[in-house]
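Notes follow once the structure below has been shown.
Chain IDs A, B, C and D follow the sequence of writing; residue 1 opens each chain.
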Amino acid sequence: MLNQMKEETIMNNLKNFTKGFFRENPVFILLLGLCPTLGVTTSAINGLAMGLATTFVLIGSNVVIALIKGLIPDKVRIPSFIVVIASFVTIIDLVMSAYVPALYESLGLFIPLIVVNCIVLGRAEAFASKNTVFSSLIDGLGMGLGFAFALTLLGGLREILGSIAIFNWKIFEGIARLINPATDYTQPDGILVFVLAPGAFFGLAYLIVLMKKISK
Amino acid sequence: MDIILNTLITLSALGVVLAVILFVVAQKFKVIEDPKIDEVEACTPGANCGGCGLPGCRGFAEACVKAETLEGLYCPAGGNEVMKEIADVLGLTAEEKEPQIAVVRCNGSHDKRRKTTTYDSALSCAVSATLFGGDTDCQYGCLGLGDCVEVCTFDAIYIDEESGLPIVDEDKCTACGACVTACPKDIIELRNKGKKSRRIYVSCVNHDKGAPAKRACDSACIACNKCVKACPFDAIVVENFCAYIDYEKCKLCRKCVEVCPTGAILELNFPPRKVKVENTETSEIEN
Amino acid sequence: MLKTFPKGGVHPKENKFSAGKPIETIELPKQVSIPIAQHIGAPAEAVVKKGDQVKVGQLIAKSGGFVSTNIHSSVSGTVLKIDNVLDTSGYKKTCIIIDVEGDEWLDSIDKSTELNTNIDISVDEIRNKVLDSGIVGLGGATFPTHVKLSVPLGKTCEYLIINAVECEPYLTADHQLMLEKADEIMVGSQLMQKAIGANKILIGIENNKPDAIKIMSEVAKKYENIEVSPLKVMYPQGGEKQLIKALINREVPSGGLPINVGCVVQNVGTAFAIYEAVQKNKPLFERVVTVTGTSLSKPCNILTRIGTSTIELIEAAGGLPEDTGKVVSGGPMMGKALSAITVPVTKGTSGVLIIPAKKSSRPKTYNCIRCGRCMNVCPMGLEPYKLKNMCVVKMHEELQAERILDCIECGSCAYTCPAGIPLLDYIRLGKANLNKILRSKKS
Amino acid sequence: MAINKLTVSMSPHDYGKYSVKKIMSGVVLAMIPALLVSVYYFGFDAIRVNLIAIASCVFFEWLFQKIFIKGKLTINDGSAVVTGMLLAFNVPSNLPWWIIVIGALVAIGIAKMTFGGLGNNPFNPALVGRVFLLISFPVQMTSWPKVSVLNFAMTDAQTGATPLAIVKEGLKNGESYSSIMNSMPHEYVDMLMGNIGGSLGEISAVALILGGLFMLFRKIITWHIPVSIIGTVAIFTAILYGINPETYASPVFHLLTGGLMLGAIFMATDMVTSPMTGKGMLVYGVGIGVITVLIRVWGAYPEGVSFAILIMNAVVPLINNWLKPKRFGETIKK
C-alpha cells in the first residue's frame, strides 16, 4: 500500500518533470513567454542562457511560493508573487552581470524582463500556489528546462540557417579546419534574415508546426 | 547593511501605499458571480452543439442556475447522466428522458432507387433541393450529398459509399438534432433509442401513391396498410400514402416488419429470428 | 452611343439560331397535363373533376387568392384525372390531365385575325378581362398581370415600359412575335397604359434585332405616345431594374418595385396576350416557345398550347439529338434544367434549349483567385464571391447587410467566374434561407 | 425518347471563356518579350535562372500539396509557373542555383501554400521570395552582371551597379544629379531597350509594356493598377525634380529604371493580392507609387517597388472592405 503510494508520487513527479518538454512545452504548446523567445534566440548559446536563467527564476519562485502559499491572502496573491519573482530576477541579474558579462550584455534587457515572463507567473498561479513544495520544485525544473530546450532549439535553428554555425562553432569552416588545420577557408554567409527579427517568427512558426506533428 | 535597509524601507512603503489602493478598489468594484455556473458548466459535455437550444454549454449552465426547476432544460448530448449531475449540483431534480437517437428514414440505396438524371451543381443537399426533387424518381428520398454529415459535431453520421445513404453511429450520436434541421427533405428524425437500442421504424417518407412510389424505389412505403392491421398496439398510422410508427406506442413486437411487402420497415439490433429465417430459406429453394 | 445600364453585365454569345423563323403551329398533342401552379403566388383551385368534358378556353382552375390567377383548358376533350406530374420545378405538382378530342373552342372566343384597335374600354373591364383570362408575365417570372395593372393607392405611374429586350441568348420568341404581331402588341400596350394611367409607353429593344426595331418604330408612329428605343446588347438588360435604368435612368430603390420610380414593366408577350384577352376574348392558353440549341436540326418558334409535353416540341424541331446532355426550359442564363423531357409547357416557358452532352457539365473548379470579375459584372453592385462564402458558413445577418436580397439571380457572376465556382447556387440557397428566417421573424 | 440521363444543374447553363488556366497561360505569354530581352542581354544565364525557378516552384507546390494540404492537386492551374517566372525576373542572372531554390521554397512554401494555396495568399509569393532573398543574401542579390549582347560564352561576366544604385550612391556622396547623369554609362534609350544592369526581367521597359498591352488586350488585367502606379511615381518625382533638379532624379529616369515597370505591370496586378474594384485598384496603385518614391528617394535601398507592393498587399483586405462597389438602387432612399 505504502509502496504503491510512493510509486504513484514518483510517477506524478516524473510526469510533472517531463510534461514541460513536449506535452505542455511552454513555448511550442502553451505559447507562453514569446517575448524572450523571439527576442534573444539569435544563437543557440543565447537561447540556452536565457532558458537557464528563466529556469533558475522558475525554480526559486515556485519553491518560495509553494512554501508561503498558506500565508498569502487570496486577494493579494498576484502582487506577492510578483515581488517574489522580481527578487529572484534581481538575483540572477546581479549574478550574470558578475560572472558572464559578455552573455549578460548580449541578452541585455531581456533578463530583467523575466519578471513579466508569463511562464513564471503562470506556473506560480497555476501550479505552485496549489501544490506541495517538492512537486513545485519539480514542476519549475521541468518547465524551465522545457523552456530552455525550446529556446535552444530555436536559437540553434536560427544560428544554423542564419550564420551556418552552432554554439558559435562555424560548421563549414570548422570541418575544413578539422581536415586541414592550416586551411584559410572562410565559409559563406548564411541566410541573413534568420538572424534578424523576421527569422524568429518563421523559425518559431515552423517549429510549432513540427511539434504539433510530432506530439500527435 | 544599506541594501537590506533600503529594500526593507522601499518595499514596506510600497506595500502600505498599494494596500490602501487595493483596499479602495476592492471595495468599489465588488462582483459576485454565482460559482455554481462554473460547476454546472463542468458537468456539461462542453461540445457546444446547441442541441439544448441555448448558446453553447455556458449558456445552458447559466440557464440551469437561473431556473427554479430543471423542467424544460435538457442536455441531449449528455443525456440523463449529465442532467443528474447538474441536478445534484443545484439541489434540484432532473426529469428523466428516454434517450433518443437520430434515425434516417430513407432506405433508397443506389441499387433500390434508380438514377434518372445526373446532378451537376454545388454538392450540397440544400442547393440540390431548391433545384429539383432529386436525381431519382423519388422526390422525397435522401439526396446523399451529406449536409447532415457536415453539421454533425460528434462525427456520428457518415455517408455509406455503397448505398449512398447516411448512416448514424449509435455510440457517437447524442441526438442533438443538428442533422434533423439540416436535412432539406426532413428525412432524419429523433426517435427513442429503445431498450438495448432496439428500434423499429418506417424507413421511407415517400408521399406518392403506391404505384409511382414502388416504381421509383424498391423499398418504398406503398401505403398498403398491412402494417396498420398487423399492429396490436395501434402504433402505426398511414397518412398521405406513407406509414409512420409512433415510437411512444410501439412495443417492439416486430409484427409489422414481417408483413411489410417492400421491406420499408426496418428493425435494428434485434436478435435474429430463427424460425422465420428457416421459412424464407425453404421458400426460396422451392421457388 | 446606345443606351444601356451602366454597371456590370456580360455579353454571352448570342446564338439566335431561330431568329427570323416564322411562328409555326404544331399538331395538337394527344394529351396535355396542365399544372395548377403556373404562376408566382397561390396555386389555382381545380374546378373540373375526372370525366368532365372541357372546351378550348374553358376555365378549369380558379384563382386561389389575390396574387394568383385562373387557368384555362388549352384543348378540348375529357379530363382524364388530376394527378401529380413532374413539372419544370423538378418536383411533382398537381396537374389536370386532359385527353384531347378534336379542337372545339368556346363560342365566346373571336378566332378572326382582324385587328381591333378600339381601346374605348373602361379600366375595370380591362382589369377584369386580364384577371379572367389568366394572364401572367410571360417574360419568365409569371407574376399575375392583373396585380401589376392595379397601381397601389398614392402612387402614380408615368411610364409603361414594354420589355422587348430578350437579352437571353438563343431565345427569339419575343423577337418573332414583334415581327408578326407588331400592331397587336401596340394595342395591347395601350390597353395596359390605360389601365395603369401611364403617360407614355417606352419600348426597349436590343440592337441585335434591327428588323424588329424597324417594324416596331414604323408601327409605333400610328399610335400616340409610343417610343421605341434601341438598346446596346448587354445581358441582363431584360431585368426590370436594369431596363428602367437603361431607358429612363432611374434606379429602383433596394427592395422596392418599379412603381416606386413611376414605372410598370411588362413583357411584349404579355402585351400581345392582353390584346387577345381583351379584344378577342381569348384566355391565355397558348404561347410562343422557342425551341433551339446548337445540335438541333431545325430550331424554330412554335405557338404551343399550355400543357403540351416538351418532347413534342423537340420532335417538331427535328427530334432530340443523340448527344443531348441537358434540356433547359428557358434561356441558358436563367432557365431551369429539366429532369425529364415529359415536362409540360407552362405559361412561363419562353424556350426549350437543348445543350449537347459535352457542354452540359460545369467547368472545372479552381480556388477563387480574387480576380473580382464577379463583382464587376454584377448588375446590382453586389459582391458575389463574398456572398457565396457567407452563404456557405450561414452568416445570415451579414448576408442581409450585404444586400443579398437584391440579387436578381441573373447568373452573370457564375458565367464569368474563371475558377468555375458555383457562386449562384450558394447565393440562391442563402437567399432562400434568409427569406425563411425573415418570414419566421415576422410571424 | 431519352437517350442519356439528363444533366440537371442550376442556371446559368452557359459559361464564359475565362478560366484560371487561361489567365495564367496569358500571363506567361505576356512575359515572353521580357524573357527574350533578358536572353539577348544575359545569355544562357537567363534561361538557367528561369528554368531552375520554374522547376523548383512547381516541385515545391507539388510537395506541399502532397504533404500538408492534401486536397486535389493544383499544380496544373499554372500559377506555380507564373510565380517561378516572376521570381526569376526579379533576381540577377548570375545568382547561384541554391539561392534560387531557397527563394522558390519561400515563395511557394511560406508565402503561398502555408496560407492555403492559390487564392488565399495575402502577399505576392514571388515578391515574398524575392524580398526574402534580398534580405538574406544582400551581396549576391545586388551584384548585377554587366549586360553583353548575346553572350553565350558562359564566362563570368563583370558585375556593375544598376542606374538607380549609381544615382543613389552619387547623391549620397554629394554629387549633383546632372553630373551623375553625365558620367552615367547608359542613355535613356538603353533603359528603354534594356541595355542596363538590373534584375533579369526588369531591364527592358519596352518589352514589359508590350506584355502589359497584351494582357490588357486579353482582359487579364485592367488599366487601373499600372496607370495609377506609373502616374503616381511620375507626378511625385516630377514635383521633386521641379523643386530641385540637382538633388532629385528626373521622372523619366525613375520610370525607366529599376523594377517599376515590372512591378506595375506584372507584380502589382496579381489578382489574388490586389483589390477588386476599380476604385480600390486606384488607391492601391497610388499607395504603391508613393511608397516606392519614398523608399527610392529617402530610404536605405535604391529600389523600393517590391517593398511598396508588399506593404500595399497587406492593406488590400481593408481596401476591399472600404471601397465596395456601388450598390444598385442605393442612391434613392425612401
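In the analysis below, a contact is a pair of C-beta atoms (placed from the backbone, for glycine too) under 8 Å apart; a residue touches a chain by one contact, two chains touch by 3 or more.
Quantities reported herein were computed from a predicted structural model and do not represent experimental measurements.
Averaging each chain's C-alpha atoms to get its centre, pick out the one most distant from chain B.
D
Which chain pair shares more contacting C-beta pairs: C-D, or B-D?
C-D
CA centre of chain C versus CA centre of chain D: separation in Å?
49
List the centre-to-centre spacing of chain B and chain D in whole Å, with centres computed as mean CA coordinates.
54
How big is the gap, in whole Å, between where the Cα atoms of chain B centre and where those of chain C centre?
From the centre of chain B to the centre of chain C is 43 Å.
As a quick test, compute the distance in whole Å between the mean CA positions of chain A and chain C.
That pair's centroid distance is 73 Å.
Which residue numbers or ranges of chain B touch two or more of the other chains?
116-117, 120-122, 127, 131-132, 135
At least two other chains touched by the same residue of chain C: list those residues.
90, 336-337, 339-340, 360-362, 422, 425, 428
Provide the list of chain A residues touching at least two other chains, using ranges where the numbers run on.
none
Report the complete set of touching chain pairs.
A-B, A-D, B-C, B-D, C-D
Okay, in this complex, where on chain B does chain C touch?
116-117, 120-122, 124, 126-127, 130-133, 135, 139, 208, 212
Which stretch or stretches of chain B touch chain A in the complex?
11, 18-19, 22, 26
Going by the contact rule at the top, pick out the chain A residues touching chain D in the complex.
189-194, 196, 198, 202
For the complex, which residues does chain C have touching chain B?
84, 86, 89-92, 336-337, 339-340, 360-362, 422, 425-426, 428-429, 432-433
Write out the stretch or stretches of chain D touching chain C in their complex.
Answer in residue numbers: 1-4, 6-16, 18-23, 74, 77, 79, 117-120, 271-273, 275-278, 324-334.
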